[in-house]
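One structure below.
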Amino acid sequence: MNQQRRSVLKYSAVFGLMASAGLISLAQAQEWNKAAFEGKGLDDVFKILGAGSPDKSAAITLNAPDIAENGAVVPVGITTTLKADQMAILVEKNPSALAAQFFIPAGTESFVTTRIKMGQTSNVYALVKADGKWSMAVKEVKVTLGGCGG
Amino acid sequence: MQRKFTLGLTLGILAASISLSSLVFAQTATDEIAKYREMIADGNPSELYEVAGEDLWKTPAGPKNATLEKCDLGLGPGVVKGAAAQLPRYFKDTNKVQDLESRLMTCMQKLQGRNPQEMVDAPFQKGPKKDMEAIVAYVVTLSKGDKIKVSTNHPKEKEMYELGKRAFYFQGGPMDFSCASCHGEDGKRIRLQDLPNLTTQKGAALGWGYWPAYRVSSGQFWTMQQRLNDCYRQQRFPFPIYASDLTIALSMYMAKNANGGTVETPGLKR
Amino acid sequence: MKIMNIKSLLVIGVFALVSVATQSSVIAQQANDPKFNKMMKDGFRAEGIAGLDRIQQDETQKFCSDPVFAGSVKGQAMREKIQKINMDSIKQPSDGKYIGDWKKGEAIAQSGRGATWTDKADTPIGGGCYNCHQIDKKEISYGTIGPTLWNYGKLRGNSQELIVYTWNRINNSKAYNACSNMPRFAHFKLLNEQQIQDLMALLLDPASPVNQ
Amino acid sequence: MSDPMRVRAAENGGIVDVKILMKHDMESGQRKDAAGKVIPAWHITTINVKANGKDVLNGQFGPAVSKDPFLNFKYKGAKGDKIVVNWVDNKGDKRTDEATAS
């Protein structure tokens, strides 16, 4: 066995180990993805995430209310039967579309719920990356004016 | 004759079905709002204030460097559990009817040597009021699930109730509003928000029983004093003075009307 | 069974009559209460544009702060007097024009801002109409304190009588119902003549979405 | 200084349900102060959750996550798991809190 081959093996072994321990996605996860969060429109964010133009998938459920009593707190949950390793929540009409992104290690369910702000009635997108491919679910959430303030 | 009757009946049915369809529509919107409320009910950020409040309760502070642990909220020194469910009430030592916040001010003054005027003057959500809000969150959480049980047996309590009732109906300001303008009838809403009829037991329990609360629209925990303050702001009144008899009287009116209802505080509101 | 029902109805009827009679005989406008006055005086301070003059009640406010009396038989004469005071204060449009721009009217109906102590003196005041009324059906967030105004013009036509009535009602609702929950928009200068014309258009213009 | 989080973790059938409330203003960068000046964005950027030292979730927040953020997720675990939650915001403030799965 020559020297070169051995070191290649060693390298790939290390890489494999890192990947299996989730270290690569960890490095990615711990560095805030400034470009993605500053992307304005949906397409900008899709591109930065490497999602291209994701297909809609019936395997993804976007759990959000039809009407939000207040745009300051809109509950949004994503569940999928796919084996997700990343999830993202996007709001089409927000100043910056991407609201939150999640990295899901093995052993964690393909499910996450959080709360987001919406400036106005808009489509909300749940993006899921599974087996290296992004897909999505879409739902319109109506934001109503409430209280006496108008 | 027969035809007229049929026509009338058809028109009647038509009118009924029109009003029914708009009713159904309104119903769907309120159902959706109910679903929204249910979705956010799990994980009430009031808990964050409650944690801070428990800390403040047990940490020595003020010129006398004392804790509030000996504070008497009506059930004896140091008894917090269930106390908020029986406030406002008459206190012998101050010879006054006090709500939770005015009573806490008394404790802060007596036990910790803090100046109550500083509390009155501070803006909501800042300085000493920020501490007050956290402490209120802590205290009211310890009455969650209890029955509202407010007494008007003492003449001063009875008097406060009557004064509060009168204040509830007092109209003023450039829009002629009183509390009763919005909270005096069953089944009304402002925009999509249901308005409890605070003159009835059921309505008062829905109103009084769910405040103090975390308010989603402002992202803040609001005490009853702040809730009343913002009511008067929306009524286009001048500024109600913090812990004034006026605010305590209104609380007395609502709390007594709510008797028998359940304390659901801290609530989670729009 | 049937007889029982009629009997109990009769009893209830008589009881209701008696209670109305006894009630109206004891009802009088609530007395001045120095303790209450002091509580109100000590209870407020001026803040921003919201001065203490705002708790100095006029005759209408004083009357309507006692709903038991205001709604009683004894209160009838006073109710009529209050309505007359308010009716007499209404001015018809100076340019003779009743109908403005419904689009601007919709914006005024949507806004519930203005006149609070957190507003400036020059903060535009909204009509706040959707707070209490359904108006354009597309707006699902509407209140129910007042009646629905959807199809207002379509259902009622546009006779001069209706136009003047609608004008008066927006200007000063208390001209028709002494203790109406609706603010007196003209009396307190909450809305100016042009804004009221725009609201009129929202309700009455055949082109307004309200009348589709 | 940052305020404590509220972390709850309940195990049921081999799945631990984790609910986290964070105390943070999550200033959007869209609001203006009384003088009309834009209030700069101030928000949590990354959050890491570990159970017994192993990552169970990594999240990234933009300014559109609500004030006092709430997060709920589930992982395969057991009663007694030691859960450590870390967040960092865009000003470099940090906070760590712990809970034990019950």
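All chains are identified by letter, namely A, B, C and D, in their written order; residue positions are counted from 1 within each chain.
Definition applied: a contact is a pair of C-beta atoms (placed from the backbone, for glycine too) under 8 Å apart; a residue touches a chain by one contact, two chains touch by 3 or more.
All figures in this text were calculated on a predicted structure; none of them were measured in a lab.
A.B. asks: Which chains lie in contact with each of chain A and chain D?
C.D. replies: B
A.B. asks: From the centre of chain A, which other chain's Cα mean sits the farthest off?
C.D. replies: C
A.B. asks: By Cα centroids, which chain is closest to the centre of the whole protein?
C.D. replies: B
A.B. asks: Using the touch rule from the top, work out which pair, B-C or A-C, shares more C-beta pairs.
C.D. replies: Higher C-beta contact count between the two pairs: B-C.
A.B. asks: For chain B and chain D, what's the span in angstrom between their mean Cα positions?
C.D. replies: 30
A.B. asks: Indicate the whole-number Å distance between the mean C-alpha point of chain A and the mean C-alpha point of chain C.
C.D. replies: 50
A.B. asks: How many angstrom lie between the centres of chain C and chain D, each centre taken as the mean Cα position?
C.D. replies: Whole-Å distance between the two chain centres: 48.
A.B. asks: Quick one: which residues in chain D touch 2 or more of the other chains?
C.D. replies: Answer for chain D, listing residues that touch two or more other chains: 66-67, 70, 72.
A.B. asks: Residues of chain B that contact two or more other chains, please.
C.D. replies: 29, 190-192, 219, 234
A.B. asks: Can you list the residues of chain C that touch 2 or more other chains?
C.D. replies: 130-131, 140-141 - these are the residues of chain C that touch more than one other chain.
A.B. asks: Using the contact rule from the top, write out all pairs of chains that touch.
C.D. replies: A-B, A-C, A-D, B-C, B-D
A.B. asks: If we count contacts the way the header does, which residues on chain D are in touch with chain A in the complex?
C.D. replies: For chain D paired with chain A, touching residues are 15, 26, 28, 30, 45-46, 48, 54-67, 69-77, 90.
A.B. asks: Touching chain D in the complex: which residues of chain B?
C.D. replies: Listed in rising order, the residues are 42-43, 45, 47-48, 51-52, 214, 219.
A.B. asks: Which chain B residues qualify as touching chain A in the complex?
C.D. replies: 29, 32-33, 35-37, 39-40, 190-193, 216-219, 234, 270
A.B. asks: Would you tell me which residues of chain A are touching chain C in their complex?
C.D. replies: My answer: residues 67, 142, 144-150.
A.B. asks: Chain C touches which residues of chain B in the complex?
C.D. replies: Spelled out, the residues of chain B in touch with chain C are 22, 25-26, 29, 159, 163, 166-167, 169-178, 180-182, 184-185, 187-192, 195, 232-234, 236-241, 244-247, 249.
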